[in-house]
Amino acid sequence: MSDFNRSAPVEWGLRAYLLLIFAFVFAPIAASFVFSFNVDRFPSLPLGGFSLTWYQQVAADPLVWEGLRNTLIAGITVSVLATALGFGAAYTDFRYNFFGKSLYLALALLPPTIPVVILGLAMLAFLANIGLSGAIHSVIIAHVVMCAPFAMAIIRLRLSQMDPSLEAAAWNLGASQWVAMRHVILPFCRPALFAALFITMAVSFDEFAVSWFVSGLNETLPVKVLGFLQGQVSPKINVIGTFVFITSMTLVVLAQILLVKRSTGRAAGQ
Amino acid sequence: MADRTVLSGTRRQFLRSGAALAGGLLATPFLNRRAFAQPVELTMLAWYGHAEPDVVAAFEAEHNVKFKPKYYTGGDNMLGLIAQSPPGTFDVILSDAEYVQQLNAAGYIEELDPADYNFDDYFPEFQQFPGHWQDGKLFSVLTRFGFLGVAYNTDAISEKEASTYNVYWDEKLTGKVGHFDWHLPNLGQISLLQDNPSPYDIDEDAWEALQEKTMTLRPQIGGFFDYGGTFSSLQNGQMLAMAGIGDWITGTLERNGAKVRSVIPEEGGLQWTESFSIGKGTAKADLAKKWIQYITSPEGQVKSATMAAYPALIPNKDGWELLATEDPAEAKRQGMLLDDPNNAVELIRKGRIKYRQLPVQQSLEDWNDFWSDYKGA
Amino acid sequence: MTAPSRPGLAAGRVPARSETPGQVRPAGVQPAPERERKTVSVYGLTFSLPMLLWQLIFFLAPLLFLIALSFWTVRNFRMEPDFNPDNWSRMLGRSVFWEAYLRTLLLSASAAIVTSALAFPASYAIAFKLSDTARRWAIFLMVIPFFTSYLVRVYSWQIFLSDNGIINAALAPLGLGPFPMLNSDFGTMVGYLTLCLPLVILLQLFSLIFVDRNLVEAAHNLRCGRLRTVFEVVVPAARVGLTIAALFCFILTFGDFVSPLYLGGGDPPTLSILITDTTKSGQQWPRAAVVALVMIATLLVIAFAAVRFAYRERGR
């Protein structure tokens, strides 16, 4: 990179701006963390006093643990399914042109456009009629419908950065379509696949509106948070927020470590 | 070489699974014994807090029951949920009186036998509460009620100032008055201000006048809040007065040290009522009945009055007596002492309280459409 | 040794986008349009079918139900199947609806523009100005907010923005009067930013990271100024990511009711709030469905336009 356009003030300015952005994004998370220790039930300044009582209450509530379990199961299943479906659809859009392609795309991209309260009612009406409502699989079904478009958009974005002649080159060299997929397309899409996995899991983790309707009595954690927010405003909300935050941070750190290991491992093995 | 390891692997697996199976078989009597003691699940559809330990623990222990609650955040979502769920999903349903009418009209609740419940212990005003009975048949049992008035910040407004709905128009409160985002209690309060003897039963002219008066309040309003928003706004002082609510919110805030209170103004207050019904198609009608009997017994009523989520008044005379002995401070605070000439029931008898109900001469839609227009103005 | 027949292999030709997933063409033969044989290829269908089937089974029915619902009548607080166009005429005839519609469009468009503008310097910095390790940490930190509850974050913003909140308390000793930030469009915007900023940054980043550095180098070699390089080289190269990011932001904010309600004070109401409000008319889900369908149609049109703009062929 030539030095022509490097300018120290601009560089530092950009870095400072980045810090500001991070501050903005993390401010509510930090505040939530701090107030989860507040002895007062309602958040106000100055802080009332340090207390772990809310953590104790949340930890002792079996329904919260059940909610967390449901959320984790649903989240992981949804992310895998949605990414798989999204990849297939993105690849189809990338490579093929056929009659009815617009309809196909519309069907694939429509779900995020539907207001969630109405979607919740409609999904419940449908799932109840086929006997699939009120359980974890209801949440999984509904969330895959809602998350697959996100996965598709992300992977399609990545595919647009690929030169299509790469695939043809592989074919020219004697690879079958499946082999070309495995050794050319998938590795190229790997960052997008991971991004899709994370984002769809995150969307599912936080989704409360549709879940409220379709999960019935087997609620997920975001539904519980909504319930607390609506029914018992207290720092328990902050506790759950902190909890989910730490759980997901652990997951992301693990993923980071795994990724770094694999890439260094691969480099070492060359 | 490889074959042998494979075989020994399989053999090892076989032994392992065999051990597990044997262990399972041996443990079966223990499992059975535990299964025998498994509590019966009772599903409840209610506002937040009605299935929390402070209310249900004693009942659960006594009858070997475990409540599975589904909390809703608005009567309309509740109705939508019931409408689309398979019948029998919910055993007991708690709802406001207005929704009982809707539940019944749509056929979602079972008919009840009045002889099962201790209406004789109730104050006469609550024995044949309108909306819970239809053509002489009982569909829902009244379990708690409360009053709506002017909720205000005690630092900003004095009790005298707050004793009239006109305080909402006070200049020093511009932008600091909030609405609980539901048309029914808000319009009812302004209807009371307009001296309508029955705030929800008004003719066309009165309805026009009501709309005009309400519109004049719009510049004063800082926001429209749901449950959570109402709590935060009052608590952090963002709003200094809130229309459409009462002690059920300010009581909880007071308990936690916030400087808020509710008063019944001179023009009168409104009454909200909650009741339990049994869901149509439930498989546990007997157990549901037992629950309703418990919550309407004096012991249950005291728990209901002091519920952690939000306090309420008791419709049961024996319940008042029990509360006066168990928690006299709370009894006094809520106005549930029998010898108090200004206690809750006396307020009703003096005509200072009117029931909140669905509008009579206009459709619910008319009122809600106006509310939407008001919000968008 | 002939190459096995693969679609579009003739003379190393790049596969055109004009193939059907099921089509197999022998090598070296140009297709005669009227005589194309369409056979099912397992390969193509493996990728295209799952999404199609899933959405057909689990999404199409609810969507059709929604459309049908908008024609139902509500009698005795019970929704009854009907063919009643009254819901549409009533809802579309109310000024409240159109005001909310315009307001929501404006708010979401502003959110998309503001978020994209605020995000760009940050994503640019991460993509171009950080070392590899620092970048990985930056991305990692940007992903974390996704996993925290949006509801909790919005709830926490109230502590900052209220008149007695953290920001005003910090400004008070400087003599700056309490700024009303809550229960206004400003509050709603802050909420929208909380919802979209991390996502927009990541999506922009996705495109910016893969911008060909040779292009930038070439611009520098031609003595192109900093800003000019950014706007005439980097931005067009990352157009897809930038557009998709803005589109996501628009779609998410258009349907969101949490921010307008908790930080905007529900005053004045957006379309999403209007939907929940409509149901308070005694189970008026049919009228609410009308609002929802108008929202869906709007978003679909905008999404298609944006995607077409983003993926506009540039010789690829």
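Letters A, B and C name the chains as they come in the text, with residue numbers starting at 1 for each one.
In this section, a residue touches a chain if its C-beta (ideal position, glycine included) is under 8 Å from a C-beta of that chain, and two chains touch if they have at least 3 such contacts.
Worth saying up front: this structure is predicted, and the values here are computed from it rather than measured.
If the chains shown are joined wherever they touch, the resulting network links each chain directly to all the rest. The highest number of C-beta contact pairs joins the chains A-C. Once the centre of each chain is set as its mean CA position, subunit B and subunit C turn out to be 38 Å apart. Chain centres here are Cα means. That of subunit A falls 14 Å from that of subunit C. Residue positions 77, 80, 226, 228, 232, 236 of subunit B each touch two or more of the other chains. Along subunit C, residues 155, 158-159, 164-165, 276, 279, 285 each make contact with two or more other chains. Residue positions 43-44, 117, 121, 125, 226, 229 of subunit A are each in touch with at least two other chains.
Across the complex, subunit A meets subunit B through its residues 40-44, 117, 121, 124-125, 128, 131, 133-134, 212-213, 216-217, 219, 226-233. Interface of subunit C with subunit A (complex): residues 3-4, 6-9, 12-15, 17-21, 43-44, 46-52, 54-56, 58-63, 65-66, 69, 118-119, 121-122, 124-126, 129, 136, 138, 140-160, 164-166, 169, 193-194, 197-199, 201-203, 206-207, 210, 213, 216-217, 220-221, 223, 225-226, 229, 240-241, 244, 248, 251-252, 254-255, 257, 271-272, 275-276, 279, 285, 288-289, 291-292, 295-296, 299-300, 303-304, 307, 311, 316. The part of subunit B that touches subunit C in the complex is made up of residues 74, 76-77, 79-80, 83, 101-103, 105-107, 175, 178, 181-183, 221-226, 228-229, 232, 236-238, 363-365, 368-369, 371-373, 375-377.
Taken in their complex, subunit B has these residues touching subunit A: 43, 47-49, 68, 70-71, 73, 77, 80-81, 84-86, 89, 226-228, 231-232, 235-236, 253, 256-258, 308-309.
By the touch rule above, subunit C contacts subunit B in their complex via residues 76-79, 94-96, 99-100, 155, 158-159, 162-165, 180, 182-183, 261-262, 264-269, 274, 276-285.
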